[in-house]
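So, here come the structures, one by one.
Heads up, the next two complexes both have subunit A, just with different partners, subunit B and then subunit C.
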Partner chain A sequence: MVPPHFHGRGGRKMKKNKGMIVAFSLPLTLALIIMYLYPVARTVLMSFFKIESVTSSMSAWSFYGVGNYAKIFGSPTFQGSMKNMGLIWLVGGIITLFFALLFAVVLTSGVRFKKFFRAAIYLPNVISAVALATMWVQYVYSNDYGMLNKVLEFFGLEGVKWLSSDNKFWAMLFAYMFGAVGYYMLIFISGIERIPADLYEAATIDGANKIQQFFKITLPLLKGIIKTNITFYSVHTTAFFLWTKMFSPVNTEASTIVPVVYLYDTVFGSQGNSGRDAGAGAAVGVVLTAIIILVYFVMNRVLKDDDLEF
Partner chain B sequence: MARNKKEKKYREPWNWSKELRLLPGYLIVLIWIGFTAAFLCWILGASLSTAKEIFSGKVFAFESGVHWENYINAWQAQNVAKFFGNSLLYAVTACIGTLLISAPGAYVLSRFEFFANRPLKSCLIIAMSVPAVMIIMPIFALTTRLGIKGRILLILLYILMHVPSTTTYLLNFFATLSKTYEEAAAIDGCPPGKTFWIIMLPLVQPAIITVTIFNFLGVWNEFFMALIFASSAEMTPVGVGLLQIVNAMKYTGDYGGLFAAVVIVFLPTFLLYIFLSEKIIAGVTGGGIKG
Partner chain C sequence: MKKKLISLLVTTAMAVTLFAGCGAKEETPAQDPAPAEEEAPAQEETPAEAETPAEEETPAEDTEASSDEGTANYDGVTLTMWSMWANTEPQGKVLQEAADAFSAQTGATINIEWKGRDVKTIIATALEANENVDIFEEDYQRIASTYSEYCLDVTEMAEAAGYGDIGFQCFVDQQKEWSGAFNSIAEQPQVGGIFYNKDIFDAAGVTTLPATWDEFLTACQAMVDAGFEPMALDDAYADFALAYHLSRHVGQEALGELSVNGGWGENEQIIKGAQELIDFVNAGYLESGAPGAYPESQNKIGLTEKVAMIVCANYVCAEVNNNTGSEINWGLMNYPAVEGGADSSNAYAGANSLAISKNCANPQAAFDFIMFLTTGEFDQKMADGASQIPADSRNTAPAIMDGTVETLLATKAPLKWNMGLTDNSDLGPQFKDVAIKLFEGGFASGEEFAAAMDALY
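Entry: the complex of A and B
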């Protein structure tokens, strides 16, 4: 990758370049230290201290051992948030990736207007998620004039209170998945398009039908892409925040809470709860990071050696 | 390019038995897209109606006329003009600022060997996977102590937030350029720094455009940082601003204005997408950029 003559030892050229290398890499290095290295190190440290306010200086911290971790794992609210995140990961993940793969297969099967369809399905990823969530909450799920209840009414069925506390979580998850499918679909499409067409031609000549071809060619060759998508979906799940905030904007509700919202409320306070605890918030951050590391580790282990080359 | 154009002009003749076999596929996709379209059309209709019409389900009748004033109300009375201006400011400054840090950094990382090269590349990869929750608390404490507040705070954060992905994206493009450009420039006596700005940087222009589109979308749609760091209405961007409008709706009851605000927030990136969807879609799968 590096042009060989640039690592030449000594010489005037190298010296000339040295000044530029320092000047060009310094802002980048500083950016990484200020925005990533320092905050991550400090957050990890904070998770072992008792800290009330996020702005209190280090001298006001008192060592707490794993007290913060004990506190959050003992908190029913945090447990509930982890349970919700688990549901978003498992149920949401299966449905989202299923539809993403389905659309990817349909769009690469030779349909017309492929580019338009692909762009339309990806669209929700480009527009403001706040605007999107507002449309769902204020329109699709509305009791009075909502799209879903109008459709039910049309078929002579009774309207449903989609945003009651029993239904809210699933309503939120459905709206989230609707937006997310397009992103994973694009990644699947790029994987499918990389599979050589002659494999399918050979299979067709041998008399394999489309469904057999999907299970015997497409799916095995997509292993790496499926792994990528599961990794991305998992990482995105740990950052789940906006949809909960939009579906329960003022008071956090047990039915929709997720860890990042729990962290936000713990660190910055929420309505009806004045007790703030930055140390516990930091512990939540560390737990989520540990989950992300675990995901990368597991995904690298599980599908590493039998990655097919083509 | 020429070949591409030819391919575009060629249209497969309709083969009905083939299309029929694909019918289930067409149906699934059309239902999905039809839902999206119905949804967006209704919002557009509602943004031009009154609250009374919305509640009685007569959005497309426009019985009391088309209410363009909803947009004027949202723009002025509901502060959307301010939110919009802030978001525009953040998006533009962050795009430029990120490039000023990332492009030179990516250039030296991809073309010169020096002791910090590998560690920096590893840090970039790790930084891209660091969740925001690991960053916000120390940054909040630090900026409070240093007294950094107002719009400049969010501008700085948005610049720094996009540095790792932008640098990684540009790195791969700089690595593909031939070294003969630099050699020729050096022979002509052009100092290496100048060579970068006037010769190498323009060569990766397509990559810069793609990454800037993504950074623009990223900042425009950003919510989490803005919710934490936008402490006053003066510095609130559209995402958080829209949440405030929704929360105030209980008191104002101006549903037409609410949907007008939704349309205003949604329109800039939507229009960008209509013109640039091919480039955006190619960027999602081509460059390993977060969507």
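Entry: the complex of A and C
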């Protein structure tokens, strides 16, 4: 028989612990709910109403059903922006993640100056994107004295108008990818370094070459990391804003527009047109979120990695 | 121990940066709070300035010209102003000077918050939330169309101050047309048209400014023959240039209707106008890199000094001179008239204006400060310091803005930005791309252009 005071002490300890747990997690939970959950919930709600200004009180809202969604999906500008975003995601994603993986594999295979290359490839992420974009637009792509055209001239070829309306989107995407590779490369590097070296040793002893090792060992064991990177890349793609604004300053152009820029122009009005529609903006936000959730769930199905153990 | 020290330093650094991030707010040094003496509502006096029209008014009298009657006493009054500039820009510096002088004279305290151009995204929500804003600076078109219900109508105060003889009437009339009320006082007027390098015109032998499109083409040819490139064009202003030309053909209202409803292919004047521009491009009158990536093409005016003109608003002059460190001798030419066109002489005119919010505790003080800033001495300082058009029509425009005051005084029906082309809020970006394509030579005929426009609907 256990002495009663022993029980009592144990019981009091448990209650105290619970109280402490609640007290410590309360500030963060409150902050999360107020600054994250509440705006999300309100935005979803707003997307079903016709509202002019973001801060209109709820009495000024008028129920609109799925009218906002109909409006944005019927808008050629929004459709164009979704197409641009799709290209950034698919084409940009494949190329960026391919190079990120390539660099990661190269840098973890024991080359010299690994730290230097790692820092150099990651450097664009440290520099402000505004400064980067300005350099690309005003210097690298410049018609008269730009770097690319000077290189072409050196080889006797004619300069190209990199920022003409046909080329602008791809120029922007290339500039974006150039800077983005480093971010995903670092994540891949950390993923590869987690794979125990003895697996590779055993494979080498058994006669597998580097390429076989890559496809049979590295790639399968990186499934989780690949999922992470695809999710991150998708999130960054939906939030693609700054590069569009830098390549199309002053006013939005259809060649470079992306959904967030469309949202921005719709909610705040653009130069020469002061019409505002916060309801439509909210609908755009909800659509983008839904896309991310969809991508995440599809990926979780396709890239199953719970059977991996290493 | 070392770990503890490092983590403490890092935490401190984090906390400090948190506070540093809390927005920049500049305050003019507060005046000693003398016991608050409110002005009797019947007495209205503006602070004594040699050139400002200080006027005394009792409700029964008509306004008469200047007489200095001493300064108004606004001790204890605080005004909060949201400015669209940064305090390091020339406009911001003059604004700060004016605020200090006004404080010294009247005892009012003026808090200026330097919001930068972003003010346009945050002012609407601030006004709706009844935030403490007394005066704000914004585009007068947005004040009239978006914020009008939150702003005071200043008709009476303006009449008392004799504003009709001071400011540009076109802005007053235009905003009344848009919102029915007189809400804002122009602070930085803008005018648009073709800005040209006077020296190149002289060198090419263009002695009289072309008034019609044909004369304009002749002048361009003269410039090309003399070894110059007539026109610069940036992608950012491609739709502005296109809209200006089309509005000469069909007028602003019709252009707005076409923008919203379509039907470009059915309008002969549109096809004719587009064809004229296509011919202009094909004749080689655009500078070699145009349309450039803003501000590449406009900078060439200053860098090479071989490019003569640009279709833009007046701020382009100071922009080019500053960006390229050159001293271009600028002049302003009204956009030429076209044959059979609906509008032959209106110019784009806009303004950054000052408005008083309805929550302002002391509107008269706010209005007096606005008058202090936009008339007389400080307005001249603003015009000279920032190379822009004076808001007081009796002041002199700086040499770089030669001709602008006269153009504004003569403007009866100012054109708005993009002259109605972007009335269709949804297709604006698409129109811009079509405009850029036109100037790149992507269309063979006016019909092709019209078809491309119609395909967007």
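In this text, the second predicted complex is superposed on the first by the 278 of 310 C-alpha atoms of A that agree within 3 Å, B and C clash if a C-alpha of one lies under 4 Å from a C-alpha of the other, contacts with A are read in each partner's own complex, and residues count from 1 in each chain.
Everything that follows uses one rule, which is that a residue touches a chain if its C-beta (ideal position, glycine included) is under 8 Å from a C-beta of that chain, and two chains touch if they have at least 3 such contacts.
If you're wondering where the values come from, they're calculated on a predicted model, not measured in any experiment.
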{"item": "Subunit A as common anchor, with subunit B and subunit C clashing or fitting", "value": "clash"}
{"item": "Subunit B versus subunit C as contact partner of A:Q138, first or second or both or neither", "value": "both"}
{"item": "Which superposed partner A:N251 touches (first subunit B, second subunit C, both, neither)", "value": "second"}
{"item": "Comparison of subunit B and subunit C by subunit A residues contacted", "value": "B"}
{"item": "Touching partner for A:Y38 - first (subunit B), second (subunit C), both, neither", "value": "first"}
{"item": "Subunit B versus subunit C as contact partner of A:A197, first or second or both or neither", "value": "neither"}
{"item": "Partner chain(s) touched by A:I205 [first = subunit B, second = subunit C, both, neither]", "value": "neither"}
{"item": "When the two complexes are fitted on chain A, the stretch of subunit C hitting subunit B, from 21-29, 255-263 or 435-443", "value": "21-29"}
{"item": "Overlap of the subunit B and subunit C footprints on subunit A, listed as residue numbers", "value": "54-56, 137-138, 144, 249-250, 268"}
{"item": "Subunit A-touching residues of subunit B, taken from the complex the two chains share", "value": "18-19, 22, 25-26, 28-29, 32-33, 36-39, 42-43, 46, 54-57, 59, 100-102, 104-105, 107-114, 116, 120, 123-124, 126-127, 129-142, 144-145, 157, 159-161, 163-164, 167, 175, 179, 182-183, 186, 191-193, 196, 217, 220-221, 223-224, 227-228, 238-240, 242-243, 246-247, 255, 258-259, 262, 265-266, 269-270, 272-273, 277-278, 280-281, 284-286, 291"}
{"item": "Complex contacts: residues of subunit A adjacent to subunit C", "value": "53-56, 75-77, 80, 137-138, 141-144, 163-165, 247-255, 257, 265-266, 268-276"}
{"item": "Parts of subunit C lying in touch with subunit A, wherever the complex brings them together", "value": "120-121, 124-125, 128-129, 141-142, 145-146, 235-237, 239, 289, 292-294, 296, 416-418, 421-423, 425-430, 432-433, 436-437, 440, 442, 456"}
{"item": "Complex interface listing, subunit A residues touching subunit B", "value": "1-3, 5-7, 13, 16-17, 19-21, 23-25, 27-29, 31-32, 34-40, 42-44, 46, 54-57, 102-103, 105-107, 109-112, 115, 117-132, 134-135, 137-140, 144-145, 147, 150, 183, 186-187, 189-190, 235, 238-239, 241-242, 245-246, 249-250, 260, 263-264, 267-268, 278, 281-282, 284-286, 288-289, 292, 296"}
